[in-house]
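The block underneath contains the structure these notes are about, expressed in structure tokens.
Think of it as A, B, C, D and E in the order they're written, each chain with its own count starting at 1.
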């Protein structure tokens, strides 16, 4: 139990670092750490498949992509101009109040049932696979369109057009 | 033979005319409008002057929402149909000396507007009424904005937005009534049967009243009117003042008061006072107007104020007076604007102070002008008198408060004095006195002008001498309507 | 379902065509493909609609109608694209493909029966649009539009997801059926459920461009290539509302006491922001963007006054709005090509040089302004009727005030075209455009005069 | 494995929600206070992950696998979005040599 | 006879149409002939009607068609000719014919000859309609119709702007009265449900005392109408200005017929008045005041027609005095005699003007006695008649009124007699200034002076005879007469007299009264003779100073200026104020302000669209927070 709170603390801590780090590269590194804590959360919840996917897709692919882009466009310095202080305060307040509002609208202070793992096999690949390829086959197929579109689009946008001037 | 012929002929004609070339379009428009008049005459000859609705058509339009293409003619509508079909050919004729760019479009729009007007005057379905109401507005907007004077853009958009604003509130009122109606239809007779309480009727009343008050226009909703009348091409002004403003008056009779009798009773005194204020106010302003068209515009506000007062008194005499006065006002005001059209076309000015002595060089014109002036000031044996007499009598008979009616009638009656003041002042300054350099060049009327003015003058005198046939057309219907509403009230 | 398959496969075909440089055949193939899809959709009309694929989708009449209108609108817009993309770059096939991907997402959106499908549909559509907004790669405005759209879109997706998650947390399922049953069983729902609804409202309002989540709309609409703007403001908006309506009428209707006030406020703000801001715009395109916000306000009426007629109202309104907008954007493209500017002034004197174009554009503007005998009026009429039926009298009055304001800016175009003069040469209106204009104008008038034929659909 | 799963037995559902809400809000905060488009985008990713965590928690709590499947789809989306988003950012960088969102204010009013 | 009665008004109307259409194509002789002949035929028919009524004693009532009928209100187009209207018919057609005849000569050189005759015929038509109408509305048609003709004829020479103004003024002032009349009609409709004389008068007669309250209102309103038409205080100023019209017009319309319409109307409604003592008193006071006031003004006028005009106003005042004190017959008698001598005087003045080549200022005349003998003789007769010197007609009618006034109140009588003295003075002043002394005009004028042609002199002579003997039909019994007129009119005033009661003065009192009034008239005559004929004093030129009182009188008590100040100026001010301030700034300003305000709001609101993504998202977040806040707090309500 205390493991959860420890990891939760780490999640929050690192995510705060993500948004406060001056250097974007640092931000990414903190984000990797944050995601790692999430992976731990998944493991704690016995969602093994997700833990693995999270580890691979997010940390392995997405964040590397970020990092790569950052390097590509040479932004690894603390070059970001800072927003005015008031704007930052407003932003922090906004986010904070949002958190409070979310929490209170969800009545989170009230006690609730603990999360109990009813089905230990729930998060296993086999089980998930069955659900995914039965019930969720259609969304699975359809999301291919999403990926295809994104792929075509990314290529379209990121390639240098030699004849843009015309 | 149903009223659909009457409604759709102008639509077809509008399309045909719109496609014709300059030069022919004018004649075609005249032909079609006269044809329409003939058809209206046929209807009139077959019309039985009782309270029933005749020549009715009732086909589903959007049945899911209880909307039917339902129209018909009763006595009240008949007078309005006559007004429309009579004035449109006159107006077309009055434009014969003009050269408009893109004539086909001009006359097409006029004819299209006629269709809209006829829908308004014959509709028995709230939705249809509203559609006709707006369908009449669009063409006139374009007529005014395309062929108008210098400031037309600003003025006409104001006019459009103002009147459109009013009618949208009416739309809300109509939908509201539809939702309240027992049979969920837009049928006007269903509307009459809704027994709302006084509070809700007040809301309905205002929703409709705004639309009609703006259209008429009633003080203090009138400020679009003088500008628009001044800037619009004369034919547009004639359409606006001769026919279009009657939509508002007709609406009051047919849609406002019967649909919200309790609301009406509650606000009757206020609107009567507004109407009467409008009479005096507009008359006074007309005193010192320099621009002839603007002067006539204000005089029109005053006259319409009286018509409104007569209707809001909701006595048979008042409403009948309003019926005949609508026709009269249409004829007179068209004549008056035509007079100014002739003057401004010849002399390129409408500034009264620059004119004078025209009677000397144009005696025929002066006679026509004088007859129209007399009709406008309501001299006995001209059409204006019959209407004003009945209207004032109607106001007088309105007796919500003791002595209030006498005071009201007396103040409203000032119109016959003030009317004489500004009309004669105008006549004097334009026609009498010695000619100046400008007016000496004035040539007397001829051809189509003469014909138009001749028809107008004859109508003025004929109705003045023998108004009975026209009163008779609407008598039964008006009587019936007033009785129905009275029964409902008490 | 066949429709979805066709629309999903079609872009792949196009990509291959692009690969083999068969650029000439792209448009015809697309249009034929879409027509086939449309035909297949219509063929299912009035079939007994049951949820398919484990309750993931349901091709009921609602879905078919909205698929139909979105496909038709897409066809019309694509017809305007003849020669349009060539000027941007040579990757024409990709553009068509992405538009069609987006359309596939839209088909999913209008026929979803599970929140997962809703989410995926929205994302397919959105991701495609992020790309499309930026296809003018060297154009700064286009870049800016793409990035703004992307950042804000991704941001709002977070809220949508949070909302969906909360619904899932309370009901334990993503299926609309289960959620509805849960709502019926729990008339006093969980706070979590309420918060979920609220966040979904936020997410969806962003997608349809309702205030105060509308900020992306004007900038993106202005920055994006005009044709894409046309697509966004018509097809996408329609789909957004279809999804919105489908979700709310299917699941949340019993809880309307809770969420109606929220939407009411949003509607009112949307109306005012859209209309008042549009008033002072100098760019026709940006004006249309704000006007689209205001139309979103009117469309929200159907959801605020949720009832049996809502689907019908949204359908008619969206149809009217879409076809009128297509005319507007089509004309804008032509005028822009000629004068290089999208300001109102560039329309000056159009009536003299191009009476036909001016005339159809006038019809479109009248329709957008809601003048009777045009489709736009019917749309407003149904919206007002619906709202009044639910006793939202003040809402309707506010709407009326806004409708009045809107006249002013719609008529500015008409005024520019007809009443102002400018030396200009005649614009060449390509045949494809003419067809689109004529069809759109006719449909606008037809719906305005005899809406029954379309009102019967749903 | 058992020992791991046992550790969560006592964690109330609310705490998971709270955690997600907080991280979600931190993401929002990040979006608000940063000007670098990439960092903003990262903050959005943070928000998505907060949702993922919550979904998983709900899924476990309900004993229903569909929540976790949904997470899977969100990840797919995230991947797609990242691809497109970074492409857009790169495209902008090419044009402006900046990824500062405050530079993007030509479209206004 | 009854079935031809419509011919009486229709013939002049036919004249109007023929002359109106043929005004340019027909020759002047033909026009004059047609115009006069048709009126003459009307006169013949009127005579026939008169004798029929005289013999049968029954009024003629003919209905033609429904003119206006709305619900319960049915207004037929119908004629009623009773004793009262029969005499009016005779006056109108008789005097009218003479004046037509006169006009042939008088207007012969005018370009608008045809138009003039058309208007005159039209006037006769409307006047006949006025007196023949069987209900108030038909009367009202005629009432306004004659106003129209008055307008047309005053402004006959419209190229002169001041003439046109005079015409306008006449029309508008009449209209003020007409409004009162109209409201009176409404009230009658309201109370009686009809406006038919034959229905309402009997009804009124049978009302109980408590029911007569509305009658006071009715009579007051009708009286307003009469005040306007008959140029009483305070609406009299149009009549002197109306002298702008050609002289025959002044004679016919502004002396003999139209202006007496008010008297006719009140006499017609006598039952109403008899039942409202308050109004009666008011009528008497207004009449008396007008008589005195106008006489005072007439004292110093120098324009020959103006003198006659004010004298007309003054005489009309007498008539109203008569009506007010219940001497309906007397008042009507005065209408009759006044028609003769005032028409005569005007026509005579016209003849003088004709002779003087258009000169109207008496200061430029003088010594015409020998040059235009017939004119002089007839004018002299007219002057004697109006001054109330027996046995000429004016004496009898005036005396009857004064006798009734005496019976009513001594004050009224004294003022009346004083006015009679003034009348005598200014009339003889006019006569002396014009015909006695030396000629004061230019040489050309002197050379040109000549007697008028026969068409002018014949009417003068006829009227002079009538002025002399006209009084014989009303010789009171104390003087050994039968008072034929009173007997003839008795059925009309029967009920009123019953209500008011007969005032029977003792014969001796009557003799004293007569003697007194004749005495003062003679004194005034003599004084005028000394002043103007013997001493040859002439009113000072306009450029010179006048004594204060004279000046006030000469300037008509500044009444026009007063009206200008208290009515016209404020109205004009209101007009500009309403237009420039209320209309432009107020109402229209509000409307435009709404539009401008919206646009300004738009200008401000669009700034919200800053282009900054951070800002956008911030607002979004605020929105989300607001919505969430709602779900926190709003939930408690559900």
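To be clear about the criterion, a residue touches a chain if its C-beta (ideal position, glycine included) is under 8 Å from a C-beta of that chain, and two chains touch if they have at least 3 such contacts.
Here the structure is a predicted model, which is why all the values come from computation and not from measurement.
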Figure out the least number of contact steps between subunit B and subunit D, where 1 means they touch directly.
2
Separation of subunit C from subunit A in steps, with touching chains one step apart
1
Chain whose average C-alpha position is farthest from subunit B's own
A
Pair sharing more residue contacts (C-beta pairs) when A-D is set against C-E
A-D
Suppose chain centres are the mean of their C-alpha atoms. Which chain sits farthest from subunit D?
E
Chain nearest the overall C-alpha centroid of the shown protein atoms
B
Rounded Å distance between subunit B and subunit C, as computed from the means of their C-alpha atoms
43
Quick one: subunit D and subunit E, Cα centre-to-centre, how many Å?
98
Whole-Å separation of chain centres (CA-atom averages), subunit B against subunit E:
36
Per the C-alpha centroid definition, the whole-Å distance linking subunit C and subunit D comes out as 27
Specify, in ascending order, the residues of subunit B that touch 2 or more different other chains.
161
Junction residues of subunit A - those touching two or more other chains:
83, 87, 90-91, 94-95, 98, 102, 105-106, 135-136, 139, 143, 146, 149-150, 153-157
Would you give the residues of subunit C that are in contact with at least 2 other chains, written as numbers and ranges?
116, 120, 123, 127, 130-131, 134, 137-138, 146-148, 151, 155, 191-192, 194-195, 198, 218-219, 408
Can you identify all of the chain pairs that touch?
A-C, A-D, A-E, B-C, B-E, C-D, C-E, D-E
So in the complex, which bits of subunit C are touching subunit B?
366, 371-373, 377, 381-382, 384-385, 388-389, 393, 396-397, 400, 403-404, 407-408, 411, 415, 418-420, 450-452, 455-456
Footprint of subunit E on subunit A - complex, ascending:
83, 87, 90-91, 94-95, 97-98, 101-102, 104-105
The answer for subunit D against subunit C in the complex is residues 13, 17, 20, 24, 27-28, 31, 37, 40-41, 44, 47-48, 50-51, 54-55, 58, 61-62, 64, 66-67, 69-70, 73-74, 77, 80-81, 84-85, 87-89, 91-92, 95-96, 101, 104, 106-108
Spell out the part of subunit C that touches subunit E in their complex, as residue ranges.
147-148, 151-152, 155-156, 159, 188, 191, 194-195, 197-199, 201-202, 206, 212-213, 215-216, 218-219, 257-258, 261-262, 273, 276-281, 405, 408
Could you please specify the touching residues of subunit D with respect to subunit A in the complex?
1, 4-5, 7-19, 21-30, 32-36, 38-39, 41-43, 45-46, 49, 52-53, 56-57, 59-61, 63-66, 68-69, 71-73, 75-84, 86-91, 93-94, 99-100, 102
